[in-house]
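Below: a set of structures, written as structure tokens.
Okay, so subunit A shows up in both of these, paired with subunit B first and subunit C after.
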Partner chain A sequence: MAFLEISGITKHFGQGAGAAVDDFSLSVERGEFISFLGPSGCGKTTTLRVVAGFEQANAGSVHINGAEVSSVPANRRNVGMVFQAYALFPNMTVAENVGFGLRVAGQPAALMQARVAEMLELIRLPDYGRRYPHQLSGGQQQRVALARALAVQPQLLLLDEPLSALDAKIRIELRSEIRRIQQELKLTTIYVTHDQEEALSLSDRIVVMNLGRIEQVGTPFEIYNYPRTAFTASFVGHLNLLPVQVTDAATGACTFEGTALASSQPAPNKQAGSARLAIRPEELVLGGAGANRLSGRVLSVNFLGNVVRVRVRVGAVELSVDMFNERKLVLPAVDAQVVLSFPAHACWLMD
Partner chain B sequence: MTKSRFNPWTWLWVTVATLYFFVPLWGTFDFSLRMKRGAITFLAYQKVFADPKFLQSFRYSATMGVITVIVSIMLFVPTTYWIHLKLPRLRPVVELLTLLPFIIPVIVLVFGLIRTFSRPPFRMTQTEFTTDILITAGYVILSMPFMFRAVDVGMRAIDVRTLTEAAQSLGAGWLRVLLSVILPNLRVAILSGSLITFATVVGELILADFLVRPALGPYMVVVGGGKAYEPAALGILSFGLTWICLGIIQLVSRGDVRLQPIGR
Partner chain C sequence: MPPLLHQVFRPVPFCTYYRMAEIADTRLARLQPRAGFKLAAVWTYLGVLPFFVFIIAFLIFPATNLFAGAFQDAKGNFTLVNIQGLFSPYILKAYRTSLEVSLITSLSGGVLGFFVAYAITMGAAPRWVRSMLLTFSGLAANFGGVPLAFAFIATMGRTGFVTAILKSICYSAADASKVCPLDPYEAGFSLYSTVGLAVTYTYFQFPLMVLVITPAIEGLKREWREAAENLGASAWQYWWHIGFPVLLPSILGATLLLFGSAFGAYATAQALTGGSILLVTIVIGQQIRGDVLGDTNLGYALAFGMVVVMAVCIALYTVLDRRTSRWLRR
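For the complex of A and B:
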């Protein structure tokens, strides 16, 4: 059995309401960093709260380190939690906040002080022990909240959108900090976010959720490059979708407005008819020699720094094309006629 | 913001309000000093303090006030906490319930209390001690709107639920959460609720009168009926007491920076 075993968790809020979480099962190995990724209201927080013990599931079970915890109250699960709203105790100093869990556990003062100092060192705020939460920036408050959760050496760390109240720059800084600390302590971690960049850059594995169900579980590479459902494909990263007619379901051949296109996988429903062909913007090349070629007209060119995003109208649809920036790059002109190409292995058919 | 300070209209209204408020007060105070014809003396105050019945009734009312405050805190802090945490949908109902003392006249309350609890099986008006229990219960009900509201506002200012969960995830049980996390963050709220409760009890008339207890309210009525200057002095004294209470609230809530809402 895995270190954390979530089996068949289902949670309804009241009669008649749909399931907030529907038959959620997941095995997490010790030391793994897992992200729950999904749109607002898909049940990420609810699942996390069931694991933490703040919410009672209607069905299913949670095993932590081999022990079934359904009847164990939150304060006896030894599961650390970091909240979006920081939730530092405003009446206590930073040091008292970090030491709270140790005080509750009845640790001797000397040990507590040493541990608090160690934690403040870990979050790189060694001189802030005597401050009060309101004297800290949001980013610092969240670091302290992290230190507070880690001080009691939880067997599991849960973070619920810990960075979403912070601004972009601190968010990126702090997320690598979280990853560093997690790796240093080899801590089993579940991280809830609706920011795909965060999930992709931090996680060992991502759980993509929608409407209370798991859509797909996989490494960031798998989730991004081999999305198994239409939802995952369009939620993670940008996706171009071409309405096509499948001509050979077995080989994945199809036509788009009369142009024959090849994909390397068979059609998902194994039959000819209407389908959609999916391609990531970075797989499309202007000009180029890919097997599939489409011609269109440039609508707009957006310079985004490291990437240039070009919008091209091809027949009835608009496609996004991403090009890596380089100093010798020649940007296409708006209204210019261009040819797009992409290899067969870069695209796949969806219903 | 700074500019509006110099707005003449602001000053006009401040002046009008101040006059409205202070002129009668000054009048009463001035009157209370004129017990001796043609001189300004504190004679009325001396007489008030010289009356053993004053000190007796003040001591009684103050004691009841403190007891009421303690009972109110023990009753309303956990209740409000529980409502915020587990039954937020019930909050409007409870809020309405706590407003009942404003709607139902005290006289109705006191008759209800007497009719219910003075006959068997309770017979609570037969000894002083049980009557005091009864009157405390009445005081708790009368001060309920203030106490509940103060605690409720205090709880809304902090994120009770998340703070509770944060403490729980660190291993704290219910009592621990309430005592080390919730209560300290409600200090100002509880204090202001307590002082208003105290002031309400000390000034209360009807309950004590009908339950025949030696409280300050009935005493003031008796004095007011037969004398001229002493009631004015008493009025100023009780006003001063209220002001001291309010001053303490101000002082504490301003002095303690930690109790400000969580900063950015």
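For the complex of A and C:
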């Protein structure tokens, strides 16, 4: 059995309400960093709260380190949790906040002080022990919240969108900090986010969720490059979809408005007919020598910094093309006629 | 965050009025056109003139008069006789009774109100119970004086209907005599005593507490409780280390408010007991009524004494508040 074993968790809020979490099963190995990624309301927080013991599931079980915990109250699970924001105790100093868990456990003061100092060192705020929460920035508050959760040496760390109340720059800084600390302590961690960049950059594995269900579980590389459902494909990263007619289901050959296109995988339902051909914007090349070629007209050119996103109208659809920015890049003109190409292995058929 | 916390944890009456005045003030400032500044200023002052007239005529002037009167004899000469008069056994007893009633009712009303507020915010009470209780509190907190006294006389008085119901619950004892165990007046209760007065005051004290403390309890964040639980704390430990300390400044402020409202009450006690329980306010009433037995200047001294008591209470509150809300200050 894996270190954390979630099996068949289902949670309804009240009679007649749909399932907030629907038959959720997941095995997490010791020391793994897992992200729950999905749109708002898909049940990420609810799942996390079931694991933490704040919510009672209607069905299913949770095993931590081999022990079934459904009947263990939240204050006995030894699972650390970091909330979205404002969860520091306002009437206590930073040091008192961090030491709170040890204090209520009746640990000796000397041990508590040593541990608090160690934790403040870990989050790189060693001189902030005497401050009150309102005297800290949002980013500092979240660091302290992390230290407070870690001080009791939890067997599992749960983070519910810990960075979503912070601004972009601090978010990036703090997320690598979280990853560093997690690896230093080899701590099994579940991280809830609806920011795909965060999930992709931090996780060992990502759990993509939608409407209370798991869509796909995989490494960031698998999730991005081999999405198994249309939802995953379009939720993670940007995706172009071409309505095509499948001509040979076995080889994945198809036509788009009369132009023959090749893909490398067989059609998912193994038969000819209508389908959609998926391709990432960065796989499309203006000009180029790819096997598949489409011609269209440039609608707009958006400069995003490291990439330039070009919108091209091809027949009845609009496609996004991403080009890496470099100083010698020649930007296409709006309204220019262009040819797009892409190799067969870059695209795949979906229902 | 800190200013917000400050708003949440202060008793409503003070902070809301203060905030409203502040907002109105800044709006006004923005509305004033630069060019017509002088004219606008004149109009502004004209607008607040009635307020100042009112304050001077009915607050500052009488208060000065009262303080001066406390140190004057009937002919207007300076004297300390009135102040000395405050230390006569009769008047000291009045102060003691007033303080007792105020303290008991502010504590009993405070505790009761706190638990009602707790139940309607933290408990599983449905929304309509909550809004009904808050509406009731708004009414009851302002329902004092003569009507309240008569309401209690009609229910809990010697012939009140609640008394009658309790009296009628009887059984026959072994020796065939009639025993009525619930008769309140047999058990020593009297509405016209200090205890009765305290019960009556509690009627407007506890709703006042509910009104003042509910927003503060609502300000307790769910995350604090869950974070505490998550770190291994029991419900008691949460309340002891976080919930109660965070509420303490508000509780202190609210208790002071309750104390003041009981200490200054006059009509309820007068109507209920006909002046037979000597509270300071009732003694003042006797002195300044203007009949031959009264001594107006002693009345002034009594009022002066009340101001001193309230000032001491506020000073005490300020010290306690500084200690308990250390974490709120920048």
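A few notes on this one:
As a working rule, the second predicted complex is superposed on the first by the 350 of 351 C-alpha atoms of A that agree within 3 Å, B and C clash if a C-alpha of one lies under 4 Å from a C-alpha of the other, contacts with A are read in each partner's own complex, and residues count from 1 in each chain.
Just so it is clear, contacts are C-beta pairs under 8 Å (C-beta built on N, C-alpha and C of every residue); 3 or more make two chains touch, one makes a residue touch a chain.
Computed from a predicted model, the values in this text were never measured in an experiment.
Superposition of the two complexes onto subunit A shows a clash between subunit B and subunit C. Judged by the touch definition given at the top, the superposed model places A:N325 against neither subunit B nor subunit C. Of the two partner chains, neither subunit B nor subunit C is touched by A:S274.
When the two complexes are overlaid on their common chain A, residue A:S70 makes contact with neither subunit B nor subunit C.
Once chain A of one complex is fitted onto chain A of the other, the partner contacts of A:S295 are absent, as it touches neither subunit B nor subunit C.
Judged by the touch definition given at the top, the superposed model places A:V104 against both subunit B and subunit C.
Within the superposed three-chain model, A:Y132 lies in touch with subunit B and with subunit C [touch as defined at top].
Of the residues of subunit A, those at positions 52, 54, 73-76, 78-81, 83, 86-91, 100-101, 104-105, 132-135, 145, 148-149, 152 touch subunit B in one of the two structures and subunit C in the other. Interface of subunit A with subunit B (complex): residues 52-54, 73-81, 83, 85-91, 100-101, 104-105, 132-138, 141, 145, 148-149, 152, 154. Touching subunit A in their complex are the following residues of subunit C: 1-2, 5, 221, 223-224, 226-234, 237, 241-242, 245-246, 327-328, 330. Here subunit A touches subunit C in the complex through residues 52, 54, 73-76, 78-81, 83, 86-93, 100-101, 103-105, 132-135, 145, 148-149, 152, going by the rule given at the top. The residues of subunit B lying in touch with subunit A in their complex are 158-159, 162-163, 165-173, 176, 180-181, 184-185, 257-264.
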